[in-house]
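Every chain is named by a letter (A, B, C and D) in the order it is written, and numbering of its residues begins at 1.
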Amino acid sequence: MGTDFLIKNAKEIQAVIDNNALEIEKLDQEIGDGDHIFNVQRGIKLVIELEPIIKHLSMSKALNQIAMKILSGIGGSSGALFGTLFMTMAKVSNIDDGIDYKKAINMFANGVEAVKQIGKADVGEKTMMDVLIPVANCLKQGVEKKKDIKGLMREAIEEAEKGMLSTKNLIATKGRASFLGERSKGHIDPGARSSQLMIKTVCETILNT
Amino acid sequence: MKKFINSEDTFLKESLQGFAAAHQDIVTCFYDPNFITRSKATKVGKVAVISGGGSGHEPMHGGFVGYGMLDAACPGFVFSSPSPDQMIAASEKVDNGAGVLFIVKNYSGDIMNFQMSSEMMTGASETVLTNDDVAVEDSSFTTGRRGVAATVIVEKIVGSLAESGGSLKECKILGDKVNKNSGSMGVAFSSCTVPAARKPTFELGADEMEFGVGIHGEPGRRRDKVKSALDITNELLEAIIEDLKPENNDEILLFVNGMGGTPLTELYIIYDNAKKILDNKKVKIVRSLVGNYCTSLEMQGASITLTKLDQEITNHWDSAVHTAAMRWGM
Amino acid sequence: MKKFINSEDTFLKESLQGFAAAHQDIVTCFYDPNFITRSKATKVGKVAVISGGGSGHEPMHGGFVGYGMLDAACPGFVFSSPSPDQMIAASEKVDNGAGVLFIVKNYSGDIMNFQMSSEMMTGASETVLTNDDVAVEDSSFTTGRRGVAATVIVEKIVGSLAESGGSLKECKILGDKVNKNSGSMGVAFSSCTVPAARKPTFELGADEMEFGVGIHGEPGRRRDKVKSALDITNELLEAIIEDLKPENNDEILLFVNGMGGTPLTELYIIYDNAKKILDNKKVKIVRSLVGNYCTSLEMQGASITLTKLDQEITNHWDSAVHTAAMRWGM
Amino acid sequence: MGTDFLIKNAKEIQAVIDNNALEIEKLDQEIGDGDHIFNVQRGIKLVIELEPIIKHLSMSKALNQIAMKILSGIGGSSGALFGTLFMTMAKVSNIDDGIDYKKAINMFANGVEAVKQIGKADVGEKTMMDVLIPVANCLKQGVEKKKDIKGLMREAIEEAEKGMLSTKNLIATKGRASFLGERSKGHIDPGARSSQLMIKTVCETILNT
């Protein structure tokens, strides 16, 4: 798994997000301030534009570049959250020696833990954590149980979808939607939806290799 | 969408350039990362006061950079928190050895980005979080209340203390006090339109208003039929007073803030109506501010902020200030 | 119609009351007939500068009453010239023995009412007529051009001269000069709504703008498709420059004025674009003003004003002013 | 002809203007600033409210009161124009000794002349002068030729209507519509319409007595 994997996935994600842009925009208009889709699209575009630079970099350096780009280029909650995710993934030791699925999952789980810490949100608060945490847990357990990687990817896709859908009936207690209190109920969280789509895309790339 | 705009991508940059050029005696703008500083260096040992947040609330915060108020402002994209590199670059530029006080409105995105900045910085820093919007219930289990127009008041007061030599700790304490002494609530008659979205954030019926609206067009307490200025003012004040609980003869600052698309005449009608109501309740208005200070792009609407005053706060309110959007005494 | 209003009949009175209360250190309002004066008496022998016009252009003119600018303002009903009794009462209150200079925007109604006032008054008076709107063709056979945003500049400059002891004659001459040195033109993205009418003055398609609009929502040169900020700015400047004919290295004041419903960010984009265009033409911007100063209720739109400067005008621009809407140097 | 005649006519005019309010409003929106109807309605209301005061006054004093009320209570062009009309009518000598039609017409013509002077507009400039001047001329000539008063009233009604309609195809050179230049063509002048309606109403009151 090299930096080409990152770029390839970024491009796939771009297509998927663009296809679902109107829905995501609407979600953040309903319970947020409407900018989530633009933040995400801007972020992906910036990452893809990094291709010529990170192509020749080591994995840790590439991830750091991506993290900095996301952090500085997006702003808002997504910038801090996704930026933290990538920054922390880069910190797992020895990733420049080559990455297998186990290490990749470890990196992801580490990143999610850091996101949880900066955002102070747990499962059930109607944020992207309702997708990220269950998926990270499922993957970690899968690795522990030495599950088949393709089956695990399918599980992760399901977990992500379940988590995303679960946000619909939650009352938000973190993020901008929390200002709505009761009125946040009945809407899927935009960040949960975008994360779920990204996870699905990456898992499918792996399934298709 | 009708705006004076060339493209969504250049919107912020061009606006900052115009701002910098029109007020070059007061401010200097830096780009990539974007931040605004005073055009003149401040004295060594002065605490640097930095604020920032998504764009779209102008003149907040860039319009408050200058003598007696902010040392720097970090404008994010429209309604999106600025990123840590902006805050770090601004801090490096304006930190005079006495540390940096960040004034941050209470939104997840802003808090996370400012927190990351503090962690990445080498110098000392403190943060004052504003959360004056009484439309939202306060709770320590949730994100809590939004920071809205009282941020302007906090920036003025803390800016004055920093200018007069207050320490980082003192600035932080005073900022927290002013925030705690303040309550705000707003109402919208129309939505705003984020340039990148090209269409209004929300739709309101021809006779509807959003009561308790946020400064990003977030939904408020309820959707309501439009009422008379007096009824609206009364309901806004009731919510604020229930929260702030000013006592008989308490002295307050009455701040009527426009959301961007409402004419001054109407803001003064709100002021007049609010004064009648407060006079009745024996709450003493001793300082006033009326105008578009904390806006939501072109939104039609207004908010009321009350800040309880004491001698210290009043003195810092009265002290000289020289920024693009607030100026007196010099 | 959504406005902060209790009734069309009390709209003006309540707004004036709020204005007076919020700025009691600067102004005092009188009612029936309505006029606004400074709260402090001025020195004997100072020429009294009085302006007035229909309401709906706030902060013009009441927001410009105070040290260094107007001695009094007479607000008419929304978009209707004030009546002679207002001007007469105001004159009696503020005439300090050196006569009264009226600053009047060139509209039939205003001219007639101010003329009647002058005729009915016993003291000496002169009138400066502003007619800076280059959207309208000038002609001595017709009413000629409209007075729009340059009125703000004229009031600042003449106010300063009067404050520094200029005679009635000198004030009149300088006022005429500043007016002649100024050209303005505006564009509207949306209509305004006169409270009594309860509906917009005109209708614009979703992609249309009124190019050369008047400050009462009067039709302009043409109805046009909305263009980029740069194109609009370019066309406004071309019309003004064709009229003013500034020469290489002429020094000017660039004033970007909001019509009331357009956010500051966009005004700064216009400023930025105008600066690029003027830099190219070697017209030197040496003074700037950006903001909502001469508005049309909640209209979305903006105007550009250029005023050619000389040392005298620049000095009077820089001198201290202390009004509700314009303040510096004190 | 006493002050009751003034009040009676003001009330009749109020009804007629109210009936045509939408049309007049629209005219001033098309080529002006849309306030003409409100100015006129406010003026009439103020005059009618004067009834208890002017009931017992002499004609000259009553007219002066009306003039001052219009002047101070309307503002705008209409205030100055109609105020001047009434103020000048009060100045004709001996009107408190009783008013016959000849004197009344003389008063009106005097008033129109003063309006012409303050507004500096003549026939053909697309203002209320296109109604007022022809009507004043027609009435003066009628008196000179000792025409029958009822016939003369009918002539005046016609003149007013003709003058009002003539404004439609004029290019405005005075008043707010002049700013429009060519674009003022094709619209009747609001002040011409309101004056024509007032003149018609007064003439009809006389016809019906």
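Note that in this section contacts are C-beta pairs under 8 Å (C-beta built on N, C-alpha and C of every residue); 3 or more make two chains touch, one makes a residue touch a chain.
No experiment lies behind these values; they were computed from the predicted model shown.
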| item | value |
| --- | --- |
| Chain-contact steps, minimal, separating chain C from chain A | 2 |
| Shortest chain-hopping distance from chain A out to chain D | 3 |
| Mean-CA-position distance for chain C and chain B (Å) | 29 |
| Distance from chain D to chain B - Cα centre to Cα centre, in angstrom | 54 |
| Distance from the mean Cα position of chain D to that of chain C, given in whole angstrom | 32 |
| Sites on chain A at which at least two other chains make contact | none |
| Chain B residues counted as touching two or more neighbouring chains | none |
| Chain contact topology (line, ring, star, complete or other) | line |
| Sites on chain B touched by chain A in the complex | 33, 54, 76-86, 107-109, 112-113, 115-116, 133, 135-137, 139, 141-146, 194, 196-197, 201-202, 214, 216-219 |
| Chain B residues touching chain C - in the complex, by the definition given at the top | 2-6, 11-12, 14-19, 21-23, 55-56, 58-59, 63, 189-190, 206-207, 209, 226, 228-230, 232-233, 254, 256, 260-273, 275, 285, 288-290, 292, 295, 297-298, 300, 302, 327-330 |
| Of all residues in chain D, those that touch chain C in their complex | 25, 29, 31-35, 38-39, 42, 68, 71-81, 83-84, 118-119, 172-176, 178-181, 183 |
